[in-house]
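The same chain A turns up in both complexes below, where it pairs with chain B and then with chain C.
So, the complex of A and B:
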């Protein structure tokens, strides 16, 4: 069947274009305009040039928040990826327990971020929370509101609880797509469990693992609601990630110029990661270009 | 309808005119030479000229930020480096 070409079809794009213009293009234009100016409100602006960008790029506060964000992403990736693979490997591949496991795994993903933060805030409290009370009962001095290590540990465990399921479900999808013939061949060769994992399951999960890795990196790099609800960025600034710092600066201090400059730098980092994500996603599973031999 | 809250200035308006001009030029280029000229360059994956423009713009933004953070204000050199970088991207990527 031949395709019909009609340039009037472009008119159908207008609603989407208008929606994107209002929700994305106009706000980003405004943020760029603000990033070069200073304001005290009432739509009165003063030209500041590149001052805010220099301030942000050289500020210890920004470096610290960026460092905390990268450290947080690194820690949760080191935990969630191996743990997700291990859980996916131990899940049944067929039988009545499959839907039960899948639903159990999907449950944390269905809970809204602010609810997750509230759950863990109550869970960790020493007076009424199961975690906080149990820790106190066994003699561990646990208090996520004034101890930096406890605050970090709670946020990391909360994120692992919330998002490992995503890695599990992706890995599980990769595992069930491996044809039985691979396992039969491995059995005939007398391959050990480790060899089956190393040479069959892991290579076959490569695509989904890349997706899981990049998704979790981007999500954790942009994390806001859960730590904000749980610790509010404290104690001190110890759990103030980039997004929390940005909101503090823009709304708490009303420093719109520096906040705009910071948000643009933050957005550029996220955009770079998104592009890498998009490129890797587009090229996963495609054959490498063949070298032409002369 | 007042747009004073958007705080427009001449330099930021010129910046946007530059971006929009790039996009219009790409549309004109695509009209006269359709298909996006896909090829595999030094990054070892297929890119079209839209990809190459995006890589150029994103890289230029980081070049300007690096200049501001490491050297200071006065972005003419950063702009020059960005042009050289964009030419390299369009030729090799």
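So, the complex of A and C:
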């Protein structure tokens, strides 16, 4: 049968095309456009080439912010993933407490980011906050607005409090899907608790852990609202993460060129890390027929 | 390897069982010989898995004791009982290689490493997994995985018993046959006490020396395949074993004759007076169909030709029964049925009754 060519079919693609164009292509193109141009106002732009990219990559301000981001994500993952696994392991697998635990776990996830920031901002205040007041009452000098360590500790604890549940729920879903026979077989094989975890639970959680890891990396790497509300990037620049710095440049200083270049670099880093991580994790333990391990 | 004694064993999943119906497993008293191959056969929900889990120690029975070689192990944990169990779905350790899977139970028991490698190599040979030994276990087919599950039990050559919980459910039909043969070979070779749970009579009858038939939480008969075929102790065994199962027809029995509605049938011997529900049981293989002469008039309601023989669905005075006709025999228009007297069993309230005396010339 001969194919009939009817260009009217293109009309059907238009809604999707418009949607994608407005939501993704046009904003990104705008950013790319800015990143290669310079302006002195009055809407007059001229070509700047790769100058902004080179500037951003060489600027100490960018290095510092990137360093803070990487350190923050690293600490967050080191705490939330093991803690999430541990909590998921200790949650009941059946019985009346299951729904109670699940609801408790889901609660922090339902709170909007800026509210979380506000809660902790008040919670940590020395005059009216329960945490801040208690800390000073027992003689610990705690002040997140002018002590770098306290500011970091507060943001990290806040993020752990807010997002560990996500890891817990994902791991829990992985755990309850393990058939009972695996545990019974392990008992009969005389496996220790550690072996059960290492050879049954962990491999079966691999899939959900990849997801948890990716989500938590992306989210923590792009953190903005909570530190913005809590510390506003301070004290000094100590909690100025890439996203906060980006907003300062783009909206505060109105340096659109460097800000655009920076946001593209920022996005590429996230994509790259996620891609590498996903590839590595999905290949761990998969069987290749020719693979011989001796 | 051990002799297994079930001493007044019973189990209920309810905390305070009152009536008989509360028990998933009604009282059992049996001794299973060392080195025997037993099959627990019964429909789903008859308590066979419960019994198996009690033997393996995954469940503690509510009543009674279980002994291995005379030693009471009722409260022992599975790992203390030194048994192996193969589950319905293959259980393997995904991230380990086939070899590591087989080494695992030995390593956990601190067997010396040269002994481990000797036994594991032997087991890899027995299971024909030589070319796959160093591969990750997760990429294998279901039957290979099931072989690994089996192997993890067999490498521990001193196990008291190996328990199988419907192990061939997920295996392809043609592989089922091979694995079953392999199991039989292994049993002959290694002489473990093996207990095999299944609801498939072919599996049970081909695998086991003795078949334990269970029904509604009760052991209704323990016997060789021949015994189950010839003299089912319970009507359930009669129609559960055999294909099609035994015909069970209500009848009244006086002396050496059974009265089936208006017709009488000669029996192999004289029976004492029976009370309650009385039925005669006759296998379809021992019913013959003729067009003339003596016999019970029947109407034919259906014929199934399954190649080697035909199954005729017939009806005598409102009672359905099956007749097996050999290849080549045709179904007469007005068939008369006759029963082989020596093969008729009499059941009182579903249990077999034996004649008081055997009739001469029957």
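Following the convention adopted for this analysis, the second predicted complex is superposed on the first by the 256 of 294 C-alpha atoms of A that agree within 3 Å, B and C clash if a C-alpha of one lies under 4 Å from a C-alpha of the other, contacts with A are read in each partner's own complex, and residues count from 1 in each chain.
In this section, contacts are C-beta pairs under 8 Å (C-beta built on N, C-alpha and C of every residue); 3 or more make two chains touch, one makes a residue touch a chain.
Everything numeric in this text was worked out from a predicted model, so none of it was measured.
Colleague: So, does A:133 touch the first partner chain B, the second partner chain C, both, or neither?
Modeller: It touches nothing on chain B or chain C.
Colleague: Just checking: does A:224 make contact with chain B only, chain C only, both, or neither of them? Give me first, second, both or neither.
Modeller: neither
Colleague: Look at A:184 in the shared chain and tell me whether it touches chain B only, chain C only, both, or neither; answer first, second, both or neither.
Modeller: A:184 contacts chain C only, not chain B.
Colleague: Report for A:29: first if it touches chain B alone, second if chain C alone, otherwise both or neither.
Modeller: Touch status of A:29: first partner only.
Colleague: Output check: A:197 vs chain B and chain C. Expected answer is one of first, second, both, neither. What do you get?
Modeller: A:197 sits against neither chain B nor chain C.
Colleague: Chain A residues touched by both chain B and chain C?
Modeller: Comparing the two interfaces on chain A, one with chain B and one with chain C, the shared residues are 289.
Colleague: Applying the document's contact rule, which stretches of chain C touch chain A when the two form their complex?
Modeller: The touching residues are 56, 58, 77-79, 83-85, 87-89, 91, 93-97, 104-105, 108-109, 134-136, 138-139, 149, 152-153.
Colleague: Under the touch definition given earlier, write down the residues of chain B that touch chain A in their complex.
Modeller: Of all residues in chain B, those touching chain A are 4-9, 11-12, 15-16, 40, 44-46, 54-55, 58, 61-62, 65, 68-69, 72-73, 75.
Colleague: What does chain A use to touch chain B in their complex?
Modeller: Per the stated touch rule, the residues are 26, 29-30, 32-34, 36-37, 39, 43, 45, 47, 49-51, 53-54, 57-58, 265, 268, 271-272, 275, 279, 282-283, 288-289.
Colleague: In the complex, go through chain A and note every residue touching chain C.
Modeller: Chain A reaches chain C through residues 179, 181-182, 184-185, 187-192, 195, 199-200, 203-204, 285-287, 289, 291-294.
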